[in-house]
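Before I ask anything, here is the structure I am working with.
Chain lettering (A, B, C and D) follows the sequence in which the chains are written, and residue indices restart at 1 in each chain.
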Amino acid sequence: MKKIAVFTSGGDSPGMNACIRAVVRTGIYRGLEVYGINRGYEGMIEGDIKRMHSHSVSNIIQRGGTMLKSARSMEFRTPEGRKKAYDNLSALGIEGLVAIGGDGTFTGAKVFYEEFGIPTVGCPGTIDNDIYGTDFTIGFDTAVNTALDAIDKIRDTAAAHDRIFFVEVMGRDAGFIAIECGIGGGAEFVMVPETKTDLGKVVKSLKGLRKSKSSSIIVVAEGDELGNAEEIMGMIKQKIKDPTKEFKVTTLGHIQRGGTPTAQDRVLGSRCGMGAVDGLLAGKTNCMSGVMNNELVYTPFAECIGKTKPLHPDHLSLLDILSI
Amino acid sequence: MKKIAVFTSGGDSPGMNACIRAVVRTGIYRGLEVYGINRGYEGMIEGDIKRMHSHSVSNIIQRGGTMLKSARSMEFRTPEGRKKAYDNLSALGIEGLVAIGGDGTFTGAKVFYEEFGIPTVGCPGTIDNDIYGTDFTIGFDTAVNTALDAIDKIRDTAAAHDRIFFVEVMGRDAGFIAIECGIGGGAEFVMVPETKTDLGKVVKSLKGLRKSKSSSIIVVAEGDELGNAEEIMGMIKQKIKDPTKEFKVTTLGHIQRGGTPTAQDRVLGSRCGMGAVDGLLAGKTNCMSGVMNNELVYTPFAECIGKTKPLHPDHLSLLDILSI
Amino acid sequence: MKKIAVFTSGGDSPGMNACIRAVVRTGIYRGLEVYGINRGYEGMIEGDIKRMHSHSVSNIIQRGGTMLKSARSMEFRTPEGRKKAYDNLSALGIEGLVAIGGDGTFTGAKVFYEEFGIPTVGCPGTIDNDIYGTDFTIGFDTAVNTALDAIDKIRDTAAAHDRIFFVEVMGRDAGFIAIECGIGGGAEFVMVPETKTDLGKVVKSLKGLRKSKSSSIIVVAEGDELGNAEEIMGMIKQKIKDPTKEFKVTTLGHIQRGGTPTAQDRVLGSRCGMGAVDGLLAGKTNCMSGVMNNELVYTPFAECIGKTKPLHPDHLSLLDILSI
Amino acid sequence: MKKIAVFTSGGDSPGMNACIRAVVRTGIYRGLEVYGINRGYEGMIEGDIKRMHSHSVSNIIQRGGTMLKSARSMEFRTPEGRKKAYDNLSALGIEGLVAIGGDGTFTGAKVFYEEFGIPTVGCPGTIDNDIYGTDFTIGFDTAVNTALDAIDKIRDTAAAHDRIFFVEVMGRDAGFIAIECGIGGGAEFVMVPETKTDLGKVVKSLKGLRKSKSSSIIVVAEGDELGNAEEIMGMIKQKIKDPTKEFKVTTLGHIQRGGTPTAQDRVLGSRCGMGAVDGLLAGKTNCMSGVMNNELVYTPFAECIGKTKPLHPDHLSLLDILSI
């Protein structure tokens, strides 16, 4: 293998730049030529590909976003689109790919590999942490700390006014961000897609809790089965029927995707990126480079996409106990 | 004057604790007994008042929110409510008041002073900066920096995807936060209540700009005359009619009210608090202690409430020029 | 077991408050009375012990430092001191202890348990991460992120001036902080106590690197075998002998011990705290409650103190490869 | 005037990039060609000058440091050096200069203008705030907030251990940073070059204070007439002679120069930059564009360099009163 290319795809996440940097520098260190593909599969189809050098990735490890940009590509879902992409890579002599992204990215990579056979290793870049085959995804820790910082700020004002706040965090299918910043933020309740939310219990607690507590914060993952934060607040407000209680909603939104990555995300991104290149050189393909139990591991794309990563039961216990 | 009391009222803002601390310590330094009233006018009516010492305000200068809590009081708007409040203060021998808050707080303080004659000096505690008689209000700088940090994060992800983001910041009647974080965040446009928003110009620019710009951020004050960010985005989307452009809205909400105060807010809060006590001792009343042109000044409540503080024309020019 | 007490000892670390909160609330949740001992073993000897309730630990999870304060006790190293401590605990009927701290804390706890038999479980509270029996210690992640933030700031000014910066971080016997923030900060070199520093290689690289690099950052753990950052800079300066190169040293010092804890430290502190109480109730003693491979585990104090936790070889490789 | 050039010189400061951006975009907006000179006077001599476009300054407003780099030039102090610089500018047809920096930068600019007559307007870029002709310098607010954040962290650990901390901040000739972060950080004492430090009073207070205070923080400007923090701590330690008291020093160093600029520094940098270009176009020269009492003003270089900006007496009072 002489030439490899790296790209980011799907939703961006903090730490992707650290990962790109590691791919580029490990590749060069191992004697490879490394190329960067702009805007994911879209750029692959358009041939938006450039040679990368060691200095191309100087001073980016601390930047949020992705220097290679990202996009969602409709055309790559068609055989014609993928053929164009393959032709562009072939023309440059690219013999290996590193795909940084989440579920959708790996699904595309799997199909592409199975059709055209260019060896491909993935790196788990998404804030949601919902990818099997790695304990944490690149960007998760930063997103959690951003959400936590917001919760700390909201608690200041919630406490000043004895208010009940609903904070909606990202997580369409998974509650990892919600659980983590809920524990860390001292939330009274956390509502996640993975567990059935018992509204009666929440209402009962909120009525009772208010005597000793100066404020209450309820963290809601956007994908909770009962609805989003606004909707859930509506239900609870109606059941509590107490005009003296003030309810407020804050939806954190896209601030969770940006920002300077934390140490953990930079190190994890670096490690997965190095692992991806070394994996390609060792003959790995159609799999993801992740970190489990502090060791680099490779998991087939099929498992990463197909298996569900469960919330840890200890975390659910902590929430129940610590909000008393 | 032997005994004074301090309270916070209305929306809380970062730096209120620094102000309380300065009132308490300046009072003690000048030989006074100082009392703290919890939850603003509500606590005044309920007699929720406690003696404060130098150590009562230790280690609070860096905290967001207000250690005396805040509330909006309906009862204080009635003569009976105010009579109860007066009786409670009289019973304790309180001879002077420091009222930390905004427009509503000062309106209440003015009425109360005119009815019962307890000397009262205010301190401008609100994130909105919309109070005449002080160049900046306590909490404004922190709110702007919080909003700016959010915009920086959003730009990371906006740039990764070539998106157009609408960021809604606080400011029901005033655009100070929007203008300041718009300039600081390199926003393409800022929409504020004080100026008429020219939607046609924005649409035209957005269509043109996109060739050289990788992303666009539009900051909207919640009180813009065209509507909130969601509504304005709807109008623009409809006029641009380009399905390849992605539009997103983020409403920053209550995170702007909390958080560790900046240096400026701590120093300003300290200075206004000291000024309020020294003002009371010098016979001032029915006025606010603010800082204009870096000097402590006292402005009658009537002016603080009645006069409008305009946006600086230089700031409006900066926005036009720097977004090219 | 009906009554337990918790204390913090040795150097404080961010997340200790989250741990105290978890001990108090888990204890109460399980039906125990919980006491807090001020200033570690010193307060135990002086009988500075107070009952703690659920609200005693409200609103502390986000605070740095330790609400129970810490101290280093000479008297506890004497049999007489320990006897006094035991008598105070006995008088209150304390039947179990949770000791939050590092090596020194556990050494004291082990001796105390072996002499007086009060069941004791420890929690790993130290920024250094040098305790066997847990993947991370409480406070490590915050310290690393604080150091990383400082390195990011220094890189801004280093890059503006083409300078070589030596940044000294904490770590008398262990290089965990240095390695982690070195990888995350994109450092050119990291010098740690665990590995022999090859000065010749550094000098050679610094001479060579400067053509393509705009600045160089070298992270030095305070306990590196060659000396501290100031001393190492002196050696290198002398060998490079190039008056056009500017060398600077920054010693981060105690800022690494303070600050709002990160999500990871709050969650880890909470989990270890819960684990310590549940451990006591399950009959554990003379051991530490830690988290390895994302599972709660108990490790005898003897091992925590006696065994060395090694740096991960992957991290050392990353440093070599990514600084090219 | 058709062509202007901008450069940064001397110590870098956060907000310089915002200023460069404003110069470039205002220049282009007004129909000029704008050039950037790398590494200050050094690059002027070497002819390291490049054309700048609107997109050249995209996405830099939030970055610390200076994209044009800075340097201190010995050669520019010689007539030959300045002649070379002039020849390079002439060759490109540069008719106006914007010099961003501090005292040294303006001294050089003044001499250069007087010798060669190229109109020059300065912008006050330095963290020290010690330039006459502007209420604040670009970078001061960020430096203060960085120092304040460090003090907050140190207070966490100081409070946990009842320690006395000496924190040294930048300020060789001026105490602005020290005063501002001393008030904001709730310091017990602040020692600055402008006032005589009364060591006896400090010692007396420290002995007395310790009963009610859990910790003490003393902020020292590096240029205090008694010495640096380490030296002053030595003197105090010797006078207090109390082995139970722990004294610690932290020297914040270069972290104060870097980091993401605050809103104030970005807005101030933008405003001064716009003012510099508009000043050149209006025929101003040999002067600095600053902001006093919230209005843009131009002050002759001779005054900026020659006059001293005093500390505000209110700030000195605040320190005395609020540390009780």
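The rule is short, and it goes like this: a residue touches a chain if its C-beta (ideal position, glycine included) is under 8 Å from a C-beta of that chain, and two chains touch if they have at least 3 such contacts.
By chain, UniProt protein names: A, B, C, D = ATP-dependent 6-phosphofructokinase.
Source: prediction; values computed, not measured.
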Required steps from chain B to chain C (each step between touching chains, minimum): 2
Longest centre-to-centre distance from chain A, chain (CA-based): D
Separation of chain A from chain C, taking each centre as the mean of its C-alpha atoms, in whole Å: 28
Centre-of-Cα separation between chain B and chain A, whole angstrom: 35
Interchain centroid distance [CA atoms averaged], chain A/chain D, Å: 39
Junction residues of chain A - those touching two or more other chains: 152, 155, 159, 214
Contact graph of the chains (line, ring, star, complete, other): ring
Interfacial residue positions of chain B with respect to chain D in the complex: 18, 21-22, 25-26, 28-29, 54-55, 58-59, 61-62, 135, 141, 144-145, 148, 152, 155, 159, 180-181, 183-186, 212-214, 260, 262-264, 266-267, 270-271, 274, 293-294, 296, 312, 314-315, 317-318, 321-322, 324
Interface residues, chain D side, partner chain C - complex: 8, 12, 14, 63-66, 69-71, 146, 150, 152-162, 165, 214, 248-255, 257-259
